[in-house]
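Have a look at the structure that comes next, please.
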Amino acid sequence: MPAPSISRYPVPKLEDLPEEIRARILEVQEKAGFIPNVFLTLAHRPEEFKAFFAYHDAVMLRESGLTKAEKEMIVVATSGANDCLYCIVAHGAILRVYAKDSRVADQVAVNYRKADISDRQRAMLKFALKVALRSVELDEVDYQELHGHGFSDEDIWDIGAIAAFFALSNRMANLIAMRPNDEFYLLGRLPKGA
Amino acid sequence: MPAPSISRYPVPKLEDLPEEIRARILEVQEKAGFIPNVFLTLAHRPEEFKAFFAYHDAVMLRESGLTKAEKEMIVVATSGANDCLYCIVAHGAILRVYAKDSRVADQVAVNYRKADISDRQRAMLKFALKVALRSVELDEVDYQELHGHGFSDEDIWDIGAIAAFFALSNRMANLIAMRPNDEFYLLGRLPKGA
Amino acid sequence: MPAPSISRYPVPKLEDLPEEIRARILEVQEKAGFIPNVFLTLAHRPEEFKAFFAYHDAVMLRESGLTKAEKEMIVVATSGANDCLYCIVAHGAILRVYAKDSRVADQVAVNYRKADISDRQRAMLKFALKVALRSVELDEVDYQELHGHGFSDEDIWDIGAIAAFFALSNRMANLIAMRPNDEFYLLGRLPKGA
Amino acid sequence: MPAPSISRYPVPKLEDLPEEIRARILEVQEKAGFIPNVFLTLAHRPEEFKAFFAYHDAVMLRESGLTKAEKEMIVVATSGANDCLYCIVAHGAILRVYAKDSRVADQVAVNYRKADISDRQRAMLKFALKVALRSVELDEVDYQELHGHGFSDEDIWDIGAIAAFFALSNRMANLIAMRPNDEFYLLGRLPKGA
Amino acid sequence: MPAPSISRYPVPKLEDLPEEIRARILEVQEKAGFIPNVFLTLAHRPEEFKAFFAYHDAVMLRESGLTKAEKEMIVVATSGANDCLYCIVAHGAILRVYAKDSRVADQVAVNYRKADISDRQRAMLKFALKVALRSVELDEVDYQELHGHGFSDEDIWDIGAIAAFFALSNRMANLIAMRPNDEFYLLGRLPKGA
Amino acid sequence: MPAPSISRYPVPKLEDLPEEIRARILEVQEKAGFIPNVFLTLAHRPEEFKAFFAYHDAVMLRESGLTKAEKEMIVVATSGANDCLYCIVAHGAILRVYAKDSRVADQVAVNYRKADISDRQRAMLKFALKVALRSVELDEVDYQELHGHGFSDEDIWDIGAIAAFFALSNRMANLIAMRPNDEFYLLGRLPKGA
């Protein structure tokens, strides 16, 4: 049985890619132990690839009042709302690793209200889901609610920008039928030392 | 009466911006005669600014089976579906200019089905709106319908990528309450020679 | 190229219409400088035409705690929610003229929350949209909220009745594919003296 | 226990009403044996009352390819979709009487697909509900489907105009909390001779 | 004209049914004077029949802080939200009988907010509809609101369990196109002594 | 840190339960190696517990044209649509075990259209989701589509009955905030021999 396709579109070979892109891919491969399919599938369009990961890094790697795990919670919760398999599975894995918690990803993907997270994080995800699903309805009171939980205006930009970036990402993944790597399904699910 | 704010967030002064960003802004100012507020408001976060416009250019300026006016139709129709005032008003103006048509922008923002466009363009916007609103439901038959109108797979990526990028853009504009420049409301509405 | 049709249904000639209807049409033509297509297209059914405009006048011309511009805001905001091109474009023009504001129509058609209007007007449009979209959920607290902004019960009837009348009007326009006159797109957009 | 209010707004006394309106009300009282509350409650605003019933008569009494029972089916089905108690109960009664069928009103108010009606009537109600709920999506193929069931373009206007008029009527009834007369609940439910 | 079918599936003959099921059916027939179609149609699957009525009895006959009429209100309101003709008509009849009120069933099926019920009952139905339509959004504040109306936690389980059981029941009735008995339409509508 | 609560309601001790229920629970514990929380949490109401599992067994254990894995696919897909964490996690685990596939559960919970399943299974899940979300719209053509994939009418009852039973189950789990056992998250994710 042939391996299932990871994209509806042609997937370039590593050696055919521009040096800048190949370097980035090899770097992630070294760190993760495999190449997440988002890298190979989006490389079909090098200019979009570069802008995509520049944007990703700008919102995800930026110093922020949010922890790395909190940022991934936003990704997983909004990807759940958008029914994007790739992002739920891949970022669910990353969230498990960052949070050192084997259950939180499934929880926030389905229902952040009952997840094992803090009230502050629940408020953060409520706001993120409003950006994802009904951004036209954003109102000053929504910002004040987050201020009440200690988020600064810059933190709120971070929350909204991550939700907005994954609005793009989820749609691209669904557009090209991006397939999650098998590795992601299990990552971060085993207790330490197992 | 003071001028209304163009963003919920601080708006940097041109002279305080990194050279690369200031150059881009001056270039657009020279071409348009004014600085569209998206440039000034997003410059609050230089890294995100650079990634945003790199992405914009990658999908909007790329050689494609879609005309420049068709690309703007996608922007206006999906921004209408997302209720994003900035993008409807600003890209509505650009669409009027590219299409040399003073009515098409209002038409596609409200109801592409009855707009003065071709059946091919109607099929394009139907697909774009599915990406914008229900990307999880994309199915092979949707791609075939576009093939039947002469769109290639690469054209379909363009359609979907524009819808996806403005899913991000619409949410950012709503997040920061980005205000359209007054100039955009009128642009492209006057008959030639008026 | 022939002029595009203004209705899916036959459009009567002025000279074939009953005197009462023709007189009304000539009157509006003299005032506006052109005949808005709603008059010609609905005249296909004279009895419905007469009832339609009697209703329109009863709710729109009545002495009221709402200004003429505020009534048109309700029309434009609810027509935006119902995606009715004719009413957005035609009443958007009337709103710009009454409010002497070239931007407010596009603003309330897309998102009344961020429009350049008063908090009182925002509360008015919130109520009107509830009548337009979810009238079953109207509750005493909604009336009290408007009382808190100084609206009387009779004002509230006006708000609701305008939203209700344009629920009809929007559906008729969409049913017969009523086309806005070209004149409306530009009306009220130019600064005075231009 | 006092009788429950039939409107959120003042209900005029018959003797205080303009002659034209009182005559209409006495006429319906003579025919029905009681005064349906829509007459008394809307009489609070005489001009709107006159326009409302002129419109009602124009669409409901017009010679048409639809029977009187079919017109009431449209009223009941769209009022069901809009959750309007007054119209479901009052027009449900009228439908039972016209159709000489004690069950059809409850059936079409809940689910026209499984009602004891003809395929032609099912197509009619499908179109009417599209006008009521998603008129922006009306497309040429919807008209063709009705042509296939023998409906003329004028019949289709009738179907759409009834759905549109009751879009108004349902919202007015919900706005003023119009209460159905007790008589309507039972009317037309008893077998003949009972 | 043959009697219309009461199910899309074969309806067993009483004499072919297992003794336990036949006894239950004869018992209800003796009490009601006819056999409600839910008994005959679900008997096509004896094991599911037994579990269905065991569940029904467990939630509907249990000693509770809710009256029998209140339990039926929940059934009718949630069945209205789910557009299930059988349950609206059959349980509407039962509700009329229990509540000795010929109007309350139609009222709660369409809009509990305006029904002739107590504020406590309105809160109960608001919660039940949330269970029926958006159970993922249930939050501690919803339980507190019911506590404020004097409902205990066990009462709340009853409310939720009835809404949940009829989520099943409504779907089964729609799946097999279960037809309400003619008797139900009139039951409980006549004043006493009529 | 105390163990998080597995239910909003009191959880009975095994030794306090009626013998019939305790026996069932010990049986499942022996087979699974732990007691799934649905057993302990629902045992708070013994009569409902017995009916619940009788219904579960009637639809899930019945001889059928559906395999055990296919039945669990229906559970997982409809629980995904209903956002029920307990059922997605617990039945996702069971599906992985039955299907001997570590990925299929996450796939069908999010988007059955792109899951690694057969076209026949895709049609089955499409029907099940219609039962779960819009059962009023079920139409003869839906049954015919399943016949075209080789499903008998009895198979279709199975599909619908499972979707209906988990409509109940999902709502009960959300009502009582039922917590999935930690064991379920990992079950069936490890390759054989790992």
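Labels for the chains are A, B, C, D, E and F, by order of writing; each one numbers its residues from 1.
Simple rule for what comes next: a residue touches a chain if its C-beta (ideal position, glycine included) is under 8 Å from a C-beta of that chain, and two chains touch if they have at least 3 such contacts.
Keep in mind that what you see is a predicted model, and the values were worked out from it rather than measured.
Peer 1: Any idea whether B-F or D-E has more C-beta pairs in contact?
Peer 2: D-E
Peer 1: Going by more than half of the contact pairs matching by residue number, which of E-F, D-F or D-E reproduces the interface of B-C?
Peer 2: Equivalent chain pair to B-C in E-F, D-F or D-E: D-E.
Peer 1: I'd like the Å distance between the centres of chain A and chain F, where a centre is the mean of that chain's Cα atoms.
Peer 2: 28
Peer 1: Which whole number of Å gives the spacing of the CA centres of chain C and chain D?
Peer 2: 24
Peer 1: Just curious, how far off is chain D from chain B if you go by their C-alpha centres, in Å?
Peer 2: Distance between chain centres, rounded to whole Å: 44 Å.
Peer 1: If I count partner chains per residue in chain F, which residues reach a count of at least 2?
Peer 2: Each of 83-84, 110-111, 136, 138, 174, 177 in chain F touches at least two other chains.
Peer 1: Show me the residue ranges of chain C that touch chain A in the complex, using the header's touch definition.
Peer 2: Chain C residues touching chain A: 110-111, 113.
Peer 1: Using the touch rule from the top, collect the residues of chain E that touch chain A in their complex.
Peer 2: Interface residues on chain E, with respect to chain A: 136-139.
Peer 1: Tell me, which parts of chain A touch chain F in their complex?
Peer 2: 4, 80, 83-85, 88-89, 102-103, 106-107, 110-111, 114, 116, 174, 177, 180, 182, 185-186, 189-190
Peer 1: Any idea which chain F residues touch chain E in the complex?
Peer 2: Counting only chain F, the residues touching chain E are 8-9, 44-45, 47-48, 50-52, 54-55, 57-59, 62, 82-84, 131-132, 135-136, 138, 143, 153, 157, 160-161, 163-165, 167-172, 174-177.
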